[in-house]
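For clarity, chains are labelled A, B and C in written order, and residue numbers in each chain start from 1.
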Amino acid sequence: MSKMHLKLTVNGEAHELLAEPRELLIHVIRERLNLTGPHIGCETSHCGACTVDMNGRSVKSCTVFAAQANGAEITTIEGIGAPGALHPLQEAFREHHGLQCGFCTPGMITRAYRFLQENPSPSEAEVRMGMAGNLCRCTGYQNIVKAILSAAAEMNTVKEAAE
Amino acid sequence: MIPAAFEYHRPTDLAAALATLGEFGDEARVVAGGHSLIPMMKLRMAEIGHVVDLQDIADLKGIRIDGTAVWIGAMTTQHELIGHQGLAAAAPILRETALQIADPQVRYVGTIGGNVANGDPGNDMPALMQCLDATFTLAGPNGSREVAARDFYEGAYVTLREDDEILTGIRFEATGGGQAYEKQKRKIGDYATAAAAAILKKDGTSCSAASIAMTNLSDMPVWSKAAGDALVGTACAAADIDAAVAAALGDISPNADNRGPVEFKRHVAGIIIRRAIEQAWARA
Amino acid sequence: MNELAPISREQRVENLKGLGCSRKRVEDVRFTQGRGNYVDDLKLPGMLYGDFVRSPYAHARVKSVDKSAALAVPGVVAVLTAEDLAPLNLHWMPTLAGDKQMVLADGKVLFQGQEVAFVVANDRYVAADAAELVVIDYEELPVVVDPFKALEPGAPVLREDLDGQTTGAHGDRRHHNHIFLWEAGDKAATDEVISSAEVVAEEMVYYHRTHPCPLETCGCVASMDAVNGKLTVHGTFQAPHVVRTVASLLSGIEEHKIRVVSPDIGGGFGNKVGVYPGYVCAIVASIVTGKPVKWIEDRMENLTATAFARDYWMKGRIAATKDGRITALSCHVTADHGAFDACADPTKFPAGFFSIMTGSYDIPVAHVGVDGVYTNKAPGGVAYRCSFRVTEAAYFIERMIEVLAIELGMDAAELRRINFIRKEQFPYQSALGWEYDSGDYHTAWDKALTAIDYQGLRREQADRVEAFRRGETRKLLGIGLTHFTEIVGAGPVKNCDILGMGMFDSCEIRIHPTGSAVARLGTISQGQGHATTFAQILASEIGLPADSITVEEGDTDTAPYGLGTYGSRSTPVAGAATAMAGRKIRAKAQMIAAYLLEVHDGDLEWDVDRFVVKGAPERFKTMKDIAYASYNQAIPGVEPGLEAVSYYDPPNMTYPFGAYICVMEVDVDTGVCDVRQFYALDDCGTRINPMVIEGQVHGGLTEALAIAMGQEIAYDEIGNVKTATLMDFFLPTAWETPHYTTDFTETPSPHHPIGAKGVGESPNVGGVPAFSNAVHDAFRAFGLRQSHMPHDHWRVWKIAHDLGLHG
């Protein structure tokens, strides 16, 4: 099958590449762009390990064809915070022990990053519902929820201080 | 899990999309959010030669509310349904239902058109559309036609939509009433063990109109006229609801699956239908 | 080099971030930025991809394999079948349980999803396409998925390769589908007590088949360097050193020419202990092609073909006096091992440590017999977040206690209390041969019951039952009690080995001149946080800050030999090795300090991070001073440098215990169960990092919730797996997961250098009976004795239905 010309903006950087339409977005991100933060867990859109932010929405990139993503603006975990300037979510996950094996963490943080933009002051139940598309096998979620609530408070404090 | 190869089309208008469908016949499938189709393709349970992506067709998007007339473009996502203020006022049951579908990520990409069009008996929107008495617009090579949601479904994955047609939008009259969608599922992301939509109108103390529909309790959505009839003119007392539930159960034919055997599903269906009616009546 | 402004002793202790402190994890800096390094992240030049063709049938003869169409696909390099592996004698491989397993189908297939051919291509998409084109002609054979039917006289012969063999790795085989009978305890004495007992409760307790399902599946990259003859295998290995030894024995490549690397592992839970056909095929393919070959299983392959857990049918009898003193316990297990016996147990324990089944109770006499059986299901039998078969044992005894309480008409908490092993009985010899090292069960139990207001809950429950009977509610309240005792930390080399390798573990420490260090261990973290916690153990032992100690694991070229991480053995065994190696460092440091301070060794005492001259606290040398001196001063009679290695052979297992209580709301009409409250008290001995312990408990409880309430590998009658994706295989999300309250008591292990016992698996072992007992308890007033897990909606509904609660 013929390859198509794809344009993607990933973490602010423009990329052009040739890909078969059927290539899954997660493979494009991981194997062509070498951004191995997002992971493959279930392959049927249940686990959320492959979550990236695409055009302002959290999506499961194992269930998106590269072709569908043509022209999209994508943020992966690698584009959220930087060494020495971590995002409050990254800090909070560490502070509150919100991860163990780390495999779900990039998808988890990437999802929380979008969730907190839509709901900056969530309740615990709202966090649990808002994060229900991401599975974790290690933590039992309690510390993930704690970390997200804490990051939300931190981000709100910073925002208020700036206003 | 790797899908088989296909040709990809991304038309920018409906005419082009229809032309592509016309050209490739049953080798072609339209894709909206793709979260039903793509897993099937990855499992190689669906082999599709031509994927027609509808995302760039502006005419398929949007929500319009004009008095009681509501139109929802087929490419409207569940996330957009949930966040739409006008819709929440006009038909709150849409938001209540959408929130019980899959998970946040899937709701960002899953569309109402995809949910109603593919005929999966597990999908929630078809029963809701029947409950609302919605009408689907199908565009085909010879123009558009309209089909009532209550007539659209013929069996699992079998609908009145022809292979060369595209479901473009949904319209219904938002005439208020108490509304509720109740769903029992094993976990987030699961299809319903049993789910029911109820819309009841109240005139003084009595029920003036009732519409009851159910999800995943047959190989297609079920709108139970008899259940609604059992409530109209009553005060929705316990015995009236018993009668409605019995009528609704008379219209379903659940299948055994990993969620449980038929006997269990029928029992749970009775509970869920009752809860939907009680909730809708409380809101009426 | 002493500090200019002296800081307090307290401050110095704090600076170490040693034992007992909730040190933040060093691993998280990478993981939160997406900079983990998992096996599928690895990309080597020229790398090829392997993909399996798997059997759709549970039992069939393979009449022919036509690979021509697959080979014709551009980019396909090879298609391997058993025929190709046979000349290398790699078409079968030994299992960890003394059986053998087909690498690729040799004449027949024995379970759905079995590996038949291995396609190697230059791209994973091409490999997947070509796998579709391999044409296999099968002849279906009768399928057996029920272990009881498998033992019937006319049952189909599953393992034709064992035809006529009446002896297996673990003794006699009495039927063609029988693997072994393993026994412990005194059968005659047990039967005698039971036959004359005042009260006997008898029950069949089934612990269903499930799967560890870590979020990362199994996989590897095998890379044979044809120039220097060295094979490197990166993979998801919970025991990399054992993999190296097995690879050497199988391939004939000398062990120093094999390097096995476990990179970051995305969860293991026992799934990544075994050796799978994918590893063998990737290695062979790399040897054949001269290129690196990657094999990563997908989720369906993971759930259907690698490493199931449990599947124990446990027929129990428990005897007691009328006033509730337990007098005997007996159990017969029918263990469904699937098509090959690939259980991951120490060699001499084909049923693992199931004989810990007397639990927390002082039971004078007991007997257990376990029959292993072949069926047309996937092989495995791994310890899914538990020590070998300990979770089955804990579930069995905690169910039997409940059943006995019903039989006696007693409160189940009180029944436990009067039968607990008493504090003064430790070390305690169990009737089935274990020496429990330590425990204080009554203290833990009382603390737990008080914390949740047990009496108040029982009153609420009784009121609820009355309200239910009056028709005022359709919800019942269940109080799930569990007091579990684990046996972890395998284990003493005298009786524990895997494929002949003694189950010691190891730590090697190198102190750098400026006072930082690297420690390498034979274990491998899969999320447990070894890089954080082992540095804490060491910090307290050698007085250097944990932040200055790097912990490395998983690379067999650099790490000392060890048996790996599973069965909660890392802290009990490698943690002990770490402490012992640290003590060797300290002993040498003491000699150096004595020389520097011009005193006798015995005139010094250790104080947090330094040696101090007794009676002269102003005269001291810090560990940092000593490290520097060890490299730059000629000290008579002392070799330069500061390094140590310890291989630790534990004298005994450790016996963590805990008291868990689950309060559950049960909807009688829908079968929906909601956990209202969960209290978990763990005693894992000395607590290294309370934050990490709490995290382990939360995670293990959530796995237990999944197992008890819905997670299963289910087969239909012709051997199709019905739960092969995460749509049907239950992994709870944040929404279904309750909030947990954790608590602890601390009873150090008397034989462990720092008193630690291990905790990672306790919450799974204790959690499953707590959830299950809560469901059962909700229906106790209506006559329920026993109902099998998983307690998903329909099964709970069926309990209510069968009890006539639906009117």
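The criterion applied here is as follows: contacts are C-beta pairs under 8 Å (C-beta built on N, C-alpha and C of every residue); 3 or more make two chains touch, one makes a residue touch a chain.
The chain lineup, named per UniProt: A = (2Fe-2S)-binding protein; B = Xanthine dehydrogenase family protein subunit M; C = Carbon monoxide dehydrogenase large chain.
Please read these numbers as outputs of a predicted model, since none were measured by experiment.
Two chain pairs, A-C and A-B, are weighed by contacting C-beta pairs, with A-C ahead. The most centrally placed chain, judged by C-alpha centroids, is C. Note: centroid distance subunit B to subunit C, computed from Cα atoms, is 44 Å.
One finds 29 Å separating the Cα centroids of subunit A and subunit B.
Of all residues in subunit B, those that touch two or more other chains are 1-2, 4-5, 43, 103, 188-189. With touch defined as above, residues shared between interfaces to two or more other chains in subunit A number as follows: 20, 22, 43-44, 46, 129, 131-133. For subunit C, the set of residues that touch two or more other chains comprises 124-125, 298-300, 726-727, 733, 735. Remark: subunit B residues 1-8, 10, 31, 34-35, 38-39, 41-43, 51, 53, 55, 79, 102-106, 108-109, 188-189 touch subunit A in the complex. Those residues of subunit C that touch subunit B in the shared complex are 124-125, 128-129, 132, 298-300, 669-672, 710, 714, 722-723, 726-728, 730, 732-733, 735-736, 792-794, 797-798, 801, 806. If you check the complex, the residues on subunit A that touch subunit B are 1-2, 4, 20-22, 24, 43-46, 48, 51, 57-60, 63-65, 67-68, 70, 111, 115, 129-133.
Subunit A makes touch with subunit C in their complex at residues 20, 22-23, 27, 30-31, 34-44, 46-47, 49, 76-78, 81, 83, 86, 89-90, 93-95, 97, 99-106, 109, 127-129, 131-145. Contact residues of subunit B toward subunit C in the complex are 1-2, 4-5, 43-44, 103, 184, 186-190, 193, 258-261, 263-264, 267-268, 271-272.
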